[in-house]
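Each of the two complexes below includes chain A, the first together with chain B, the second together with chain C.
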Partner chain A sequence: MTRTLFNRNRLVILMLVVVLIFTGCQAATEGDNNGDDTEKVLTVLQGVDPTTMDPNMHSETPTANVDRQMFDSLLDQDDSMNIVESLASSWEMQDETTWKFYLRDDVFFHDGVQFTANDVKFTIERIQNPENNSSQIGNYSAISEVVIEDDFELIIKTAEPYPLLLVRLAALRVVPKHYIEEVGQETFASEPIGTGPYKFERWVKDEHVTLVANEDYWKGSPSVKKVIFKPVPESAARVMALQAGEADIIVNLPPHQVSEVENDASLSVGQTNSTRFIMLVFTTKNQLVSDVKVRQAINYAIDVDSIVNNIFSGRATPTAQPVANFDLGFDSNLEPYGFNLERAQELLSDAGIAEGIVINMGSPSGRYPMDKEVAEAIAAQLGSVGFDVNLSFEEWGSYATNTLQGQQKHDVWLIGWGSSTFDAGSTLDFWLNTNLITAYYQDSNYNPVLDELLNESKRTMDDQARESLYHQVIEIIHEQAAFVPLYQQVDLYGLSQRISWSPRPDEIIRVFNIDWNE
Partner chain B sequence: MKNKTLKMLIKRKTALAGAIIILIVVVSAILAPVFSPYDPNESDLNKRLLPPSWDDEGSSEHLLGTDHLGRDILSRIIYGTRISLLVGIITVLLSGIFGTVLGLLGGYYRGFLDSFLMRLTEVQLAFPFILLALAIMSVLGPGLRNVILVLSITGWVMYSRLVRGEVLLLRELEYVKAAKALGQKNGKIIFGHILPNVFPTIVVVGTLRVANMIIAEASLTFLGLGVESRIPTWGSMLADGRGYITSAWWVTAFPGIAIMLTVLGINLVGDWLRDVLDPRLKTS
Partner chain C sequence: MSKSLLRKLRNALIVLFGVSLIVFMLMYLSGDPIALLLPMDTAPEVAEAMRESLGFNDPLYIQYFRFLSGAVRGDFGNSLHHNQPAMGLIIERMPATIELTLASVLIALAIAVPLGLVTAVFSNTIIDYIGSILALIGQSMPVFWLGLMLLYVAGVKYRLLPITGRGTWQHLLLPAFTVGAYTAATIARMLRSRMIEIMQQDYIKTARAKGVRHKWIVLKHALRNAVLPVITILALQLGTLLGGAVITETIFAWPGVGRFMLQAIQNRDIAIVQAGVFILAVSIVFINIFTDVIYTVLDPRIRYE
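Up next, the complex of A and B:
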């Protein structure tokens, strides 16, 4: 009896070993990229797997990195983030609420059907339809009507003047009306077709997404013929894969491994200033941080320069405001509070805060580069001015949901914010406008003024006038220390020397723009 | 008798080594503030990731180097002994007492209670231990108290089955039957006559389990479901250093060595205890 049991176990183990060996073989052949160009495969390692292949139903960068290869947007942003033509070859503003777009007539979906104005109208209305539950619905709610003039001309109307329209349309990935109506939303989300430079081939969840070149692409045939996206959550594991020649691009290279990658002759480091900034938010309805003196003291107590220089080896930019320096409205004259222990202690004793008072602090861990380290460093710094910091790390999913639903309870908490609009309005509105549940800064003296300024900015089409409104908002929240702006990120990529590519500030990898070096 | 045991300990060099390790760990835990050169949570970002002092780039101020926040690794390891020992000892006591009592009752009274307990232990043993602990931790949330609770809940089964097996044997022996015939109460028989005979076995298993519990706590904390991050523990030190393993090996290596040595020490002493206390080995 025991003997047969033992034999059976041995058989199971043997089978497992055989299976493992064969899995290994398969991975090896896939990673074997030598040979001529047509067989060269580009491998991109991101931290997470895409959540869907439907470009209209998510708002995440890692997923966009995959769908942006398969879909074109109505307009586009070049590497310096200027609005440029794409599916629409030109456009004109007819009045403050009416825009006319002229579409290209040489664009075809991957199944050979021609792209027309119908697809644009279908895409916008698809996102706007509450039944579809798209997370992008807010980005297009300003559009009141889409009128098709003919197959290649259409008019987009907004209810009120909407300065962000063109930026929003640069993010609008147009989907095929005929295909979705034929196969349904669900099939589309797993087997998509678009007009983009790459066609969908295969998606094995949590393993890889494989895309192949669209030889008939309207901008020309891509030089990379096949690209694979793989999720590798651990940054150290991504670096190891890069060093082993199993990847060509890895995202979020940790700053402390930059020199390791730089010293490898077959690798290089890609770096760009990101639009994403990291800050601490105060939940001002909590008694402790409702006092402006306490908030200012915390601003003074945190040594951002030391964090940037030591944890990021200088690869981040300290900032004084919750707005990225790419955005219209960024105030380049504003100086951060700066590190000043004495001032911090003075303010705390003015505010009557006793030594050892408990402050609750929250942070995600692993969502942003070095976020855990930064939170821990800040906790230690707040500890040195007398706070007893109760720092808790939370799982990203619930942390993000709590943030978006106005449910963050910590006195002070860390969050990153990257806006794709390149206009301070969307960011400031999100965090300050009391019409929204995410206005964590509550002060009856200042909220009415801030709301008024923000609402006025939404109606103001003139860039200079809007900028001055944003500056007034930023000045108030700086004085009132509504946030602790920390630093703007620098995105770091590990790259193989086989490719030439430069990263963009919006974190999107455009495989079409990548060339093989040989 | 005591003198003889001590002599045996010294004769067995491996057991002696184990005992010395345990002694060092216990003394470090008690006198952590005296021994550690720095406050374990004191961070100086300008001194982050300093290698150990014998390295060319190392500093004599930090014997085992510093971690990613510039905290002294030696101090953190010394303070980490407190959590490891606390969790190890308390969970073994709690689960040991609970499991032993249930095992005694089940084995002695048999019947429904016994079947029920044994089915319960079988169900629990069907789950891999760490998986069960992870599942409960994710419901209860992280924290030192919850770690102790979870490890005690998942640990009692072992004692219960072991004790019950021994009791089944002991209850049929003449001295137990004699006690019964003399009209002694069940409680007196269980705790006065049977327990002392099961006790050596429990002590051996309990000692070895302390090592398991230390590893389990470190694993849970490593996975982010254990002791809260502001308390220095070996598990969280491993987790912190994981991202730096290729560029700063000392951040993970030293807490890893600390865990290994402690567990080794406990196991060596546990093995020796088994040899001393097991009556079957004694006669040979």
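Up next, the complex of A and C:
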């Protein structure tokens, strides 16, 4: 009797479990792109899921990659990062703090309501409102007033001359005032409508976001009719999904898997110079690296070419400055120090640095492609000129916090950087301006000059004049070896042969620009 | 029974409080949530203003009690990165984790019980050696290696199963097997040694002397007694897995809690981490209570004590 009871219970539990599992399996089978031939679906694999569908409330590339398909920005940047028209078809600077914008009158939101100047004003003020806690608030804090002239003309005023205004507006994704006022912020963040080439269809968190073509898009109907973004955190799994035909674009292809993808006839590799560069920062208030000779010696001691060739198979560009080649202010004539072991040793002995002196080095691990390998290679190279390198790897969260709070204590440490404005100003200011806690380069002779140049550049509206100020700054920090600029990254993508597309330096995938090959 | 249940619940509350305090401190001491939210080149005064408006500048104990007073009302606050209630974000991802957990436990049992029995019954024969080696391999294989190998063989080489995502049993098979392999090996080894031990006991000899068939001795007399430690392992494993099989979820892009929590930890998204830890602690407490109940059902001796 007990035995049968026991068996029956076990059977019931087992059945329950089975039922549970299979009910759980019913949902979401439409994510796959195989099978249905009439409707080709483009699948993009990124490392993480978007955090929101609200384009004004985040500062993350993977999330922007999704929202950029659904929203248009007021201005735009072309593939070479030049400012071009978008929702605003033309603009003029009326004086140094007043800009007038003329908007297109043929743009409609996905619900059919026409886009007007009201939406632009609403968008800017929404980001500026501290209650909304938008991470983009700093990008628009220079704007003092938005005045609507009529439905398709508006004036934007800044408190002071603000050279970066147009770049900021090229990132301003305009959201529908009427819709957000009707449904509220929270609903908007999960069921958005915009003016962009794709309409929101479905978001299953951490599984996929599905978008469908907006056939009435003002630039024309997109050739890809349906696109799915899926998060696949493990890069090896992304590559396998590409090989198995489950994806058309995968981001962050690891450099060591490039040849594997290239050798597959149905796949190809897409690459472009990234806006991000990797460098070593000196904490010059530490005794050891306060001497310019030591910093120069370290610059000479590091063989960047060998790192680029051996770790990245040549897929990175050695650089001489903490500025990317797309940024205004990049000095194309500046040459890196170059690898010169003898010169390094000479400078070290001049500086009175004895063999075996301990240097503390820090690096994140897993934050940038091959960062750990690069840091280890550098440590070995510094060891070969006589340093006893104490290399420590730190978890990114605390590493980033220390960096931003001016708390990095290592003598020399690795970091990746990119300007979100395509202008050298914010980067140089961050690392050099002594008004900020992040001015890791401290030198009483040069700081006043650098501060003056940087402050002047912020008021200088003329691009050429600003560029020449930046060049002066870069020249000083190059001579003083304030950093060890290493290389500019190359963004690598794995692509299926079904599509033709070339990547952009800002890491944004514009699905509208993708065509099917077949 | 009810008294011991109450005592367990009280202990659980103390555990929950302690866990939340430790997690809170660790998260705060190791990184600045605002620094990780804003773009790196944001002007410091902007970051400072946001820190102020979100209350991150208040003394730590005030922040903790603000959190605690919300938490007792079921409000764990909003996620900084998602701008949504943290508890909702965790609960949304629970079905995927529960699905993976149950499937992996089923797979583990389906492998482990026959393997454990066979290796015990045929102990010290070639069958036992092969089975034991299999179990040892299962136990010592790193999860990420097994996961990637399965993906490569079943997904890329033979194109039998999909590589990423969730939805059908085909999607579930590989991650569930990856998670289940280790549990299966542990259970099989445990079952084997318990069975061998029990088969030497006097009551088994008595049963033999009575002329009970060998099959029934193994399945009814011995297995039922050997199964108790298995339940313990299963319960422990269930608790761990409900917190999310982080590595497996990452490799197979499985949309569960573990991977989501890992991201939240990296972003110092404290509301999500706290909500997740809360759910995990509650489920472990309930699993433990449930296990105790199962014990009394399976082993009358425990009931009589």
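Definition applied: the second predicted complex is superposed on the first by the 480 of 518 C-alpha atoms of A that agree within 3 Å, B and C clash if a C-alpha of one lies under 4 Å from a C-alpha of the other, contacts with A are read in each partner's own complex, and residues count from 1 in each chain.
Keep this in mind: a residue touches a chain if its C-beta (ideal position, glycine included) is under 8 Å from a C-beta of that chain, and two chains touch if they have at least 3 such contacts.
A quick note: this is a predicted structure, and the numbers were derived from the prediction, not measured.
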Chain touching more of chain A, residue-wise (chain B, chain C): C
Contacts of A:186 with chain B and chain C, given as first, second, both or neither: second
First (chain B), second (chain C), both or neither touched by A:244: second
Which of chain B and chain C A:235 touches, first, second, both or neither: first
Which of chain B and chain C A:52 touches, first, second, both or neither: second
Partner chain in contact with A:377 - chain B first, chain C second, else both or neither: first
Partner chain(s) touched by A:311 [first = chain B, second = chain C, both, neither]: first
Touched partner set for A:90, first chain B, second chain C, both or neither: neither
Overlapping contact positions on chain A, where the chain C interface meets the chain B interface: 234, 236, 240
Sites on chain A touched by chain C in the complex: 3, 9, 17-18, 20-22, 24-25, 27-29, 31-32, 45, 48-49, 51-52, 54, 57-59, 130-131, 133, 135, 137-138, 141, 185-186, 189, 204-208, 230-234, 236-237, 240-241, 243-244, 246, 395-398, 400-401, 403-405, 417, 419-421, 426-427, 430, 436-438
Chain B partner contacts - residues on chain A that touch it in the complex: 234-236, 239-240, 254, 256-257, 260, 303, 306-307, 309-311, 365, 373, 376-377, 379-380, 383, 389-393
Residue ranges of chain B in contact with chain A within the complex: 41-43, 45-46, 48-49, 68-70, 224, 228-230, 242-248
Residues of chain C touching chain A in the complex: 30-32, 35-44, 46-47, 49-50, 53-54, 80-84, 89, 92-93, 95-96, 98-99, 102-103, 106, 148, 151-152, 155-156, 159, 162-169, 171-172, 220, 250-253, 255-256, 259-260, 263, 265-268, 297
